[in-house]
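Just so it is clear, A, B and C label the chains in written order, and each chain counts residues from 1 on its own.
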Amino acid sequence: MTQTATDSAAPAALRRRRKRAGRLHIVVFLAPAVLIYTIFSVYPLAESLRLSLYDGLEDGSAVWIGLGNYATLLFDPDWARQFWNAFSNNLVLFFVHMVVQNPLGLLLAALLSLAPRFGGAYRTLIFVPTLLSVVIVGFIWELILSPLWGVAETLLGAVGLAGLYQPWLGLESSALVTVSLISVWQYVGIPMMLIYAALIAIPDELIDAARVDGLSGFAIFWKVKLPLILPTLGIVAILTYIGNFTASFDLIYSIQGALGAPNFSTDVMGTLLFRTFFGQQLQLGDVHMGATVASMLFFIILVGVTIYLALVQRRLQRYEM
Amino acid sequence: MSDLTLRNVIKSYGSTKVIHGVDLQVRDGEFVVFVGPSGCGKSTLLRMIAGLESITGGEVAIGGEIVNDISPADRGIAMVFQSYALYPHKDVYGNMAFALRHAGVDKAEIDARVQRAADILGLRDLLHRRPKELSGGQRQRVAIGRAIVRDPKIFLFDEPLSNLDAALRVQMRVEILRLHQRLKTTMIYVTHDQVEAMTLADRIVVLHGGRIAQVGTPLELYHHPDSIFVAGFIGSPKMNFLEAALTGWSQEGAHVQVPSLGEIVVPVSRQGGSERETGARLGIRPEHVQLADPATAAMRGEVLVVERLGGETYLHLDVGAADPFVVKTDGAVSARSGEHVGLAFPPHALHLFSASGAAFPHRERHRTLAEPQGA
Amino acid sequence: MNTPVRTARARTSRLRRISGTASVHAVLLGYTLIAVFPVFLVMMNSFKDRRGIFGEPLSLPHAGTFSLEGYATVLSEGSFATYFGNSLIVTVASLFLILFLGAAAAHALAEYRFRFNALLKIYMIVGIMVPIRLGTVAILKLMVDLNLVNTLLALILVYTAQGLPVAVFILTEFMRTLSRDIKDCARIDGLSEYRIFLEVVLPLIRPVLATVAVFSMIPIWNDLWFPLILASSDATKTVTLGVQQFIGQFTVNWGAVLAALSIAILPVLGLYALFSRQLIAGITSGAVKG
């Protein structure tokens, strides 16, 4: 910028020292967050992807083997059995959440959005399990369902169903579904809250208009509210998907151990990763196979997110409200 | 000295130019209003004067000193914002004292200045309230008070009244005028509301598309707009425009042929108009049209809508033009929709614009402008 | 004039409304019991002796069954004070870093125009979609190299990296809605960009910071994975890991197990009682609408 002779006075020179500062502050604001995030989140992920392409030698060095580890994971009979078992268990887990947790969350949110008396209290209490550590939740249910304590049996007896009781967590046939339902119990608060937030964001005028147009309460929900909250349901679905592949570790490790007892019937990708990486019993820990399992998980999540972004989110139009 | 000079001021964002070389001279103590439709660049220009937007080209000088590279805090300006911009976590006193405390002014001096501003604005009893406990008008007053305590060379106002309701707006408008009379400081005021511009300004700067369309006193702009844009922007209801054909020039002025009106003479001079130009637009303000006997009137129209405001009445007429023709008339007029009325125009109230939108200047200045303006 | 009458139509619709309300409460109350009962059951039984726990698990503790022996075992056998201290240090330090660094980054992204702004924002928030656990293999290697294994700092750094994306996302969205005027006003008042952030922006975003804090806090306090992998030594164990391992050792001592669970639950419930309004307001304010 040009300076002319008019501003040669001393005060002006003084002032110029306090000129607009450079753009250094932008760097100062951003650098710490970007650095910590890069070093402890982005870099490890990239490094895991890289490690999955190597194999360790006995002398501690590593050799590049391309997609060899992935071939092992997918086609070596021993690995493939474990991988596909864990993967399909994750799918079951996901399925149970989608058909039980999210519809239940939707129902509770829909009822809460009618603003019943004590609505705030219901909402607060239903959210309690979500706050607890998965470890604690796991143990609570382990105790309740334990045949030793007999609480579950007593409770079923109170409604005349004592005959139905089985030690569900210990049976290969029911362990996985039981664990899934425990997880549903814990996390239903999240879809409930998200959907509730979306529902109360719908302007009252719109509902009033529908009522004047003669729609019943049920029809209003079905034809007016539901279409408007579809984007939120999409978000709930993708959050369920991601959580299912990673967060399920804590619960299963706590209740059933790293082997996904009984007999791997509750083994999921998270426990498989943990076992592969750290070793268990006779099996030695393997950094490179561990990185491979983690990378497979990364790709599985990437596929889910891509499908969500490409298909679901584009279709589910967001309405201005 | 707190005059302000803009010399060929330019602003661009990347390759988009939003201010196209503005030149303006504001005298010490003058109240200047920037007015224009949204997107005309008036707020950007104000923010460049404040130092909140960098200046792409040209110079801004305050009191003779070029301030292009001087930080906002050191330009000797104070600004009042549309959203009031009060610090919500400080009380009224804290808000007003904030800049002074930051500048290291001593306590007694801060207190004296805050108390004086509070007296001027009637904020004495509110000094220890938080902004959220104040009404819109009170918040606006605090925002102005915060500007006053800085004792600036220039006050900058960025649409300060547009968040207030109509009644409060009128009241605050008067308060700002009285403040100016009392402080006699240079004030630059941005608004999109031409009524605010007309009532507050010593001089109005009409901006259009990042350029100055016209600078002048409110009455100059009202009676002698330079262009069809200014003519349409200043005045409410808006000026009526009719398609016209220029047929020739004589001693009395321009001879024009108007479809619904026949041939008339408009007392303007030819200055600037090209020899062969024939397309033109005739302009007449709604308040300058007179109702006349339909049988003998120069022009007739059918009443479409009658808007009664009590003291006055607006008639929207179909005169065979594309847009309704609006007439502002007495509140007691008996016209009903469907009726035919006759219209008459005093020749000196007619405006003539070339096809490009430039006004042909009137042969005589309007009589209210004959006296010396301002002080 | 006709006197208005309450028609049969009006009566039935009134009845329908009342029965509708009743069924809404039936469903909500029913599920609330399902949600709360197991937690209540555990806490209730933690105050009983062994006979009370097994003999009458569903009744409140009374003079005949009341006992604090479970708590006595927990306090003598486990170092829960240390675990609590560790959890507290890790959670508070991580939260501080997430909020402060996240807010600074969000401020830069929301306030300033610079090259790669949009790209950088995407880079920062992509971490919401990619769980940090997938990098565990390399994180452990990195911590070994940095000599940080079995330190609380390792957990703090990882949790900060984990929490930043959500914080940056929510805070950037919110900061974009802040009035530009107030920051400009501070500029005219002569504040530096740093002080504008500290003295004007931070106070303005306090309510959202609280929401982000509660959000980020839950997964940090409850995490089992990283304490297990990065800091499982006795001196650095967190409550979650401590409880998990304690219960593993004392499976047959139910009183102790129930007491350990209750000890882990109580502070969370206490905090929730204090902050539930803020948490729920945060969730429902649309801050996480995505």
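Here is the rule we go by: contacts are C-beta pairs under 8 Å (C-beta built on N, C-alpha and C of every residue); 3 or more make two chains touch, one makes a residue touch a chain.
Worth saying up front: this structure is predicted, and the values here are computed from it rather than measured.
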{"item": "Identity of the chain that, by mean CA position, is farthest from chain A", "value": "B"}
{"item": "Leader among chain pairs (count of C-beta contacts)", "value": "A-C"}
{"item": "Where chain A and chain C are represented by their mean Cα positions, the distance between them in whole Å", "value": "14"}
{"item": "Distance between the centres, which are taken as Cα means, of chain C and chain B, whole angstrom", "value": "54"}
{"item": "Of all residues in chain B, the ones touching two or more other chains", "value": "51, 71, 73-74"}
{"item": "Residue ranges of chain B touching chain C (in the complex, touch as defined)", "value": "47, 50-52, 71-74, 77-79, 81-89, 98-99, 102-103, 146, 158"}
{"item": "List of chain A residues in touch with chain C within their complex", "value": "21, 23, 25-26, 28-30, 32-34, 36-37, 39-48, 51, 104, 107-108, 111-112, 114, 116-136, 139-141, 143-144, 148-151, 154-155, 185, 188-189, 193-194, 196-198, 200-201, 217, 231-232, 235, 242, 245-247, 249-250, 253-254, 270, 273, 277-278, 287, 290-291, 294-295, 297-298, 301, 305"}
{"item": "Complex contact set, residues of chain C against chain B", "value": "179, 181-182, 184-191, 200, 203-204"}
{"item": "Residues on chain C engaged by chain A in the complex (per definition of touch)", "value": "20-21, 24-25, 27-29, 31-32, 34-36, 38-39, 41-42, 53-54, 57-58, 97, 101-102, 104-105, 107-109, 112, 114, 120, 123-124, 127, 129-139, 141-142, 157-158, 160-162, 164-165, 168, 192-194, 197, 218, 221-225, 229, 240, 243-244, 247, 254, 257-258, 261, 264-265, 268-269, 272, 276, 280, 283-286, 288-290"}
